[in-house]
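The first chain written gets the first letter, and so on, giving A, B, C and D; residue counts start at 1 in each chain.
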Amino acid sequence: MALLDVENLEISIRFGHELLPVVRGVSFSVDENETLGIVGESGCGKSLTALAIMGLLEGSGVRVTGGRMRFGGRDLLAMSADERRHIMGNDMAMIFQEPMTSLNPVYRVGDQIIEALQQHRNLSRRAARRRAIELLDLVRIPEPDSRVDSFPHQLSGGQRQRVMIAMALSCDPKLLIADEPTTALDVTVQKEVLDLMLDLQKRTGTAIILISHDLGVIAETCNSVAVMYWGRLVETAPTDALFETLAHPYTRGLLHSIPAIDRDVDWLDAIPGRVPTIGEQIAGCPFHPRCPRAESRCRHEVPQPREIAPGHLVECHFPYGGDR
Amino acid sequence: MMAVASIRSVFAGRTFAQIGLVWLAFVALAAIFSPLIAPFDPYEIDPIARLTEPGWPHLFGTDHFGRDSFSRALYGARMTVLIGLGAVIVALLTGGLVGMLSAYFTRLGHVLMRGVDVLMAFPALLMALVLMTLLERSVMNTIIVIGVVYATTTARILFGMTLKLKGEVFVDAAVCSGAGHASILFRHILPNLVSPLLVQASFIFAFAQLQAAALDFLGLGLPPEVPSWGNMLSEERIYVTRAPWLLIFPGALIILSVFSMNLVGDAMRDSIDPRFKDDIAGV
Amino acid sequence: MSAQPLLDVRDLKVHFRTRGRTVRAVDGVSFDIAPGEVLGLVGESGCGKSTVGRALTQLERATAGQALFEGQDILSMSRRQFLPLRRHIQMIFQDPYASLNPRLTVAQTLSEPLFIHKIARSRKDAQARIAETLDLVGLGPEAMTRYPHEFSGGQRQRIGIARVMILEPKLVIADEAVSALDVSIQAQVLNLIKKLQRDSGMAMLFISHDLGVVRHISDRVAVMSAGKIVETGDKSAIFEAPQDAYTRRLLDSIPRIMPLKETS
Amino acid sequence: MLFYTIKRLLALIPTLLAATMLVFLFVHLIPGDPASILLGDTATPEEVAALTRELGLDEPLWTQYLIWLGNVLQGDLGTSVFFGTPVLTVIADGAETSILLATMTMVWIVLFGVPIGIVSAMNKGRWIDQITSGGAMLFASIPTFWLGLYLILLFAVGLGWLPSSGFPSLTDTGGVTNLRYLILPSLTLAAPNAALIIRLVRASMLDVSREDHVRTARAKGLRPSRVAIRHIFRNALISVTAAFGFTFAALVSEAVVTETVFSLPGIGRLVVQSILRRDYPVIQGVILVIVVLYMFINLLVDLAYARLDPRISLK
């Protein structure tokens, strides 16, 4: 059994008196030493999925309305709020997109790490502080002895994200969820932060779920990839297999939309149409209005996931490389 | 059509704000039609009918001059609307303009806003009192004084909001298109300020009522014979034990109207651009 | 490179004074753009690349240096003197949500430059030009009476491009013009910009942090770091054989997707 | 921090000077000869002439201001027309009442405003929030004097629990128990201001609770109460503190009314009475004192603000 098993997850948003499902039928699993990438464009539901796993949806008008999530064999959705909190920040930790605003501006970064430590570990303040300095050193912050007493605004964006990572790792989590952790950072810093995360994973075996809109980041970092479109996982596969087959027309379109860094292409093979918004209603396959392979069946029938190769699932009636 | 739809959406599901709106509509109607509705002349003294209890024909009873309280209350609605609107107009025309221009023309603004800072050092009612000592007690002067008092706050608020809009990309885009100062101020910035200004105006309207009532109470507001809710309270307060209704009715009218205006302002505030919420000075 | 560049920027400096400190946002930048040429200006956040664009449109005052547009120094011009030149030097902004006035319809937004520069003689003339330009950027004439909030991000950026194209400028400064868009939409808009540039023969200063995008659209590339240009060259030279250490580091940092096997 | 304090103090000087100029000009805006105005109707021509000379009233306005400012800096605010004693003494007589009243009011405001605001924010949308925030808005809509009159009617006249008016000094018989005279006035004065603080605490906390770092705090597995106090309230306190300056201004305004309603011998009532008595030196003196005090309170608020928000003081 995998460390995290998500089965048929459904998340809904309250619109007035109605609950509108915005994430549907999402299933995947992650194990120790693994990095799963979830990729998709804005509003596809990737961040909601992450928050749902972490248990941070509560109070935002958004909630899990179906499916199962098992973490270390325990049913996350059946847990009480207290039990959930015991796992949060302890066995499961999260880092967010905006390093500039994700730390509390009025407390020193050391104190914020210490707070996380003392919440789950029975440590004296002195021991916690020592551990905080170790952690800052671990995430390669220079002069951790003095940086521990800095306020967030005194650090650069990259350093703040390192502090976030140190905080997330403070209680040796089994699972780390990183929601667009490098999107706000420059490419050079992005590389350092991603390298750091993978390096730490090698040492601790932490499972990672990396959420990103950037196929490049996913390709370089993850063992397996889940492509999300309009609240559904349209393609899930080991990274190599995914980029080799590009079975789903959306996955393929997404890749072709990215201007290459090492080749000259005159015109990009762009996906036509626009990115659907989260509350929109689409009959049949959600991608059919933009899909070059769409046929009448796609307009009426929602494709179900099917396995085109071991561990390679596609939700498409006419995937590339499949039999037409 | 669009305006009606947006008013609906602002007040949808806000029962209290809706009630407030209805009450304010009543006050407005009373203000407009008071000469037609009022059963008595609000100034008419009747020494025989002093301090009569509420009943027929004196719905709210009579005061110690024997004047009909209900008629005075109806005419008082007029003062309420007059002072509220007047203060809003004065505050927006003086302070609003200063704030907007100061934010747009930085150099001028630096000087003007320092002046506003100085005036802000005078607490509102104190400033009103001082100004009233220099002026005669009249309706016009009361409006001007209250308006001027809120002009400083208004200037500050508009300064902040204009500054935010001036940094907007669409303003840069207009500059790149070649738009001049007037076009940017009045075509690009001002229309975006209308909704937050409406919210601010409703709060100024509410504050102005309380200030006017306080001035009346201190004997430094409207001339005492003018029928206003503040004067009704102020004139009759010594009879509070003998004729408590004389204070209950005008007091309730003030509270209801100010409360309604605050509720309406609060509802509208939730519907405006969140960036401007912190700028608004209100309840 | 042609004999007479359209824009010749020499030793441009833009310094900001805040709280007694001087920030040298742009510190001696020189480059030129030939008519019809696309120069990509690439660099990381805070390197001053956007400030260069803002100085060239007088959104920011230059501290020193010259920018000769068809031989005239635009930096030393007053707001009034610069006005007629604005028609020829236009800017596309990053954020499609913030760059359109929410209170104006598309037609109102697009007619503003037409009337300022006296291109349209009448309302009818303006309408025709607006419809034509909207068609050019892939929007129908029904867009005219609608407000920005009725459009998606990609469509709004098309409107922003229409506002620029309606003036038929000689030089367009695109400041992170596709950075706020989703990947699939970014590709559409990039194709559009490239097509419009080729068809109209306008020159472009394309400012971006995204090296892939810059490679795709530019003829030549300038790499900027800490207020200075560290390397300029033809795009093949910059991307295939970078000379500067910073350029190399930048290129090395980009995550790559393994070359895909074409299956279809 | 010390550097910041000094910087703020220096920045205060021009505003302070400009404000004193306005206060000085006040007497000159009143129609009539300033010396006669300052001396009242009963003054003899000799007295008028003497004061004209003393204040340099025949000199240019600029010189007059400097003379006046010099006198003020030496503690000479002129002489009360009504009392015939130095203005400073008249103000000092009212100071005890007003300071005690303000302190007691502040205690109520903090005691009621902050906790109710926190509870309101933590229960956003539930009935307890609707009652507290709606109730707060209602209290902010009540004219101070009306509330005062009815409190007197209920607790003094009706129930007879508390005195209705006046305030004997703490040094008089009764000592500290004389504070009971200030209970009703301070509650009257506190009501609308506590209401504003409730609304403000609630609004600021709701704003902060939407910030990213609160999500980080929750992701640590902290208890909701800890997140609410240590992360949301602590950060909301920054904007709440900023509002305390305005609260002081509101207090001064409403104290004028409250002291009149309860016939308290404080500075607020002094202003009103002086205006009615046309005792201009006292009016001028009180305004000056209040404006200077207000500026220093704003300075204190700024410093407190800087202490609460490390982004400001460490810049």
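Basically, contacts are C-beta pairs under 8 Å (C-beta built on N, C-alpha and C of every residue); 3 or more make two chains touch, one makes a residue touch a chain.
Chain-to-protein mapping (UniProt): A = ABC transporter ATP-binding protein; B, D = Peptide ABC transporter permease; C = ABC transporter domain-containing protein.
None of these values were measured; they are calculated from a predicted model.
Trainee: When B-D is set beside B-C, which has more C-beta pairs in contact?
Mentor: Between the two chain pairs, B-D has more contacting C-beta pairs.
Trainee: Which chain has the mean of its C-alpha atoms lying nearest to the mean of all protein C-alpha atoms shown?
Mentor: If we average C-alpha coordinates per chain, B lands closest to the whole-structure average.
Trainee: Distance from the CA centroid of chain B to that of chain D, rounded to the nearest Å?
Mentor: 23
Trainee: If you average the CA atoms of chain C and of chain D, how many Å lie between those two points?
Mentor: Measuring from centre to centre gives 54 Å for this pair.
Trainee: So, what's the distance in Å between the C-alpha centres of chain C and chain B?
Mentor: Distance between chain centres, rounded to whole Å: 48 Å.
Trainee: Mind checking the centre-to-centre distance between chain A and chain D? Centres are C-alpha means, answer in whole Å.
Mentor: Roughly 53 Å, centre to centre.
Trainee: Does the chain-touch network form a line, ring, star, complete graph or other?
Mentor: Here the contact pattern is a ring, one closed loop where every chain has two partners.
Trainee: Identify every two-chain combination in which the chains touch.
Mentor: A-C, A-D, B-C, B-D
Trainee: If we count contacts the way the header does, which residues on chain D are in touch with chain A in the complex?
Mentor: Chain D reaches chain A through residues 211-213, 215-223, 230-231, 234-235, 238, 308-311, 314.
Trainee: In their complex, what parts of chain A are in touch with chain D?
Mentor: Interface residues on chain A, with respect to chain D: 54, 56, 85-90, 93-94, 96, 98, 101-106, 115-116, 119-120, 151, 153-154, 164, 167.
Trainee: Under the definition above, what is the set of chain B residues touching chain C in their complex?
Mentor: Checking each residue of chain B against chain C gives 168-170, 172-179, 183, 187-188, 191-192.
Trainee: Per the contact definition, I'd like the list of chain B residues that touch chain D in the complex.
Mentor: Those residues of chain B that touch chain D are 16, 114-115, 117-119, 121-126, 129-130, 132-134, 206, 210, 213-214, 217-220, 230, 233, 237, 240-241, 244, 247, 251, 254-255, 258-259, 262-263, 266, 278, 283.
Trainee: Can you check the complex and tell me which residues of chain C touch chain B?
Mentor: It comes out as residues 54, 57-59, 83, 86-87, 90-91, 93-95, 98-104, 112-113, 116-117, 160, 163.
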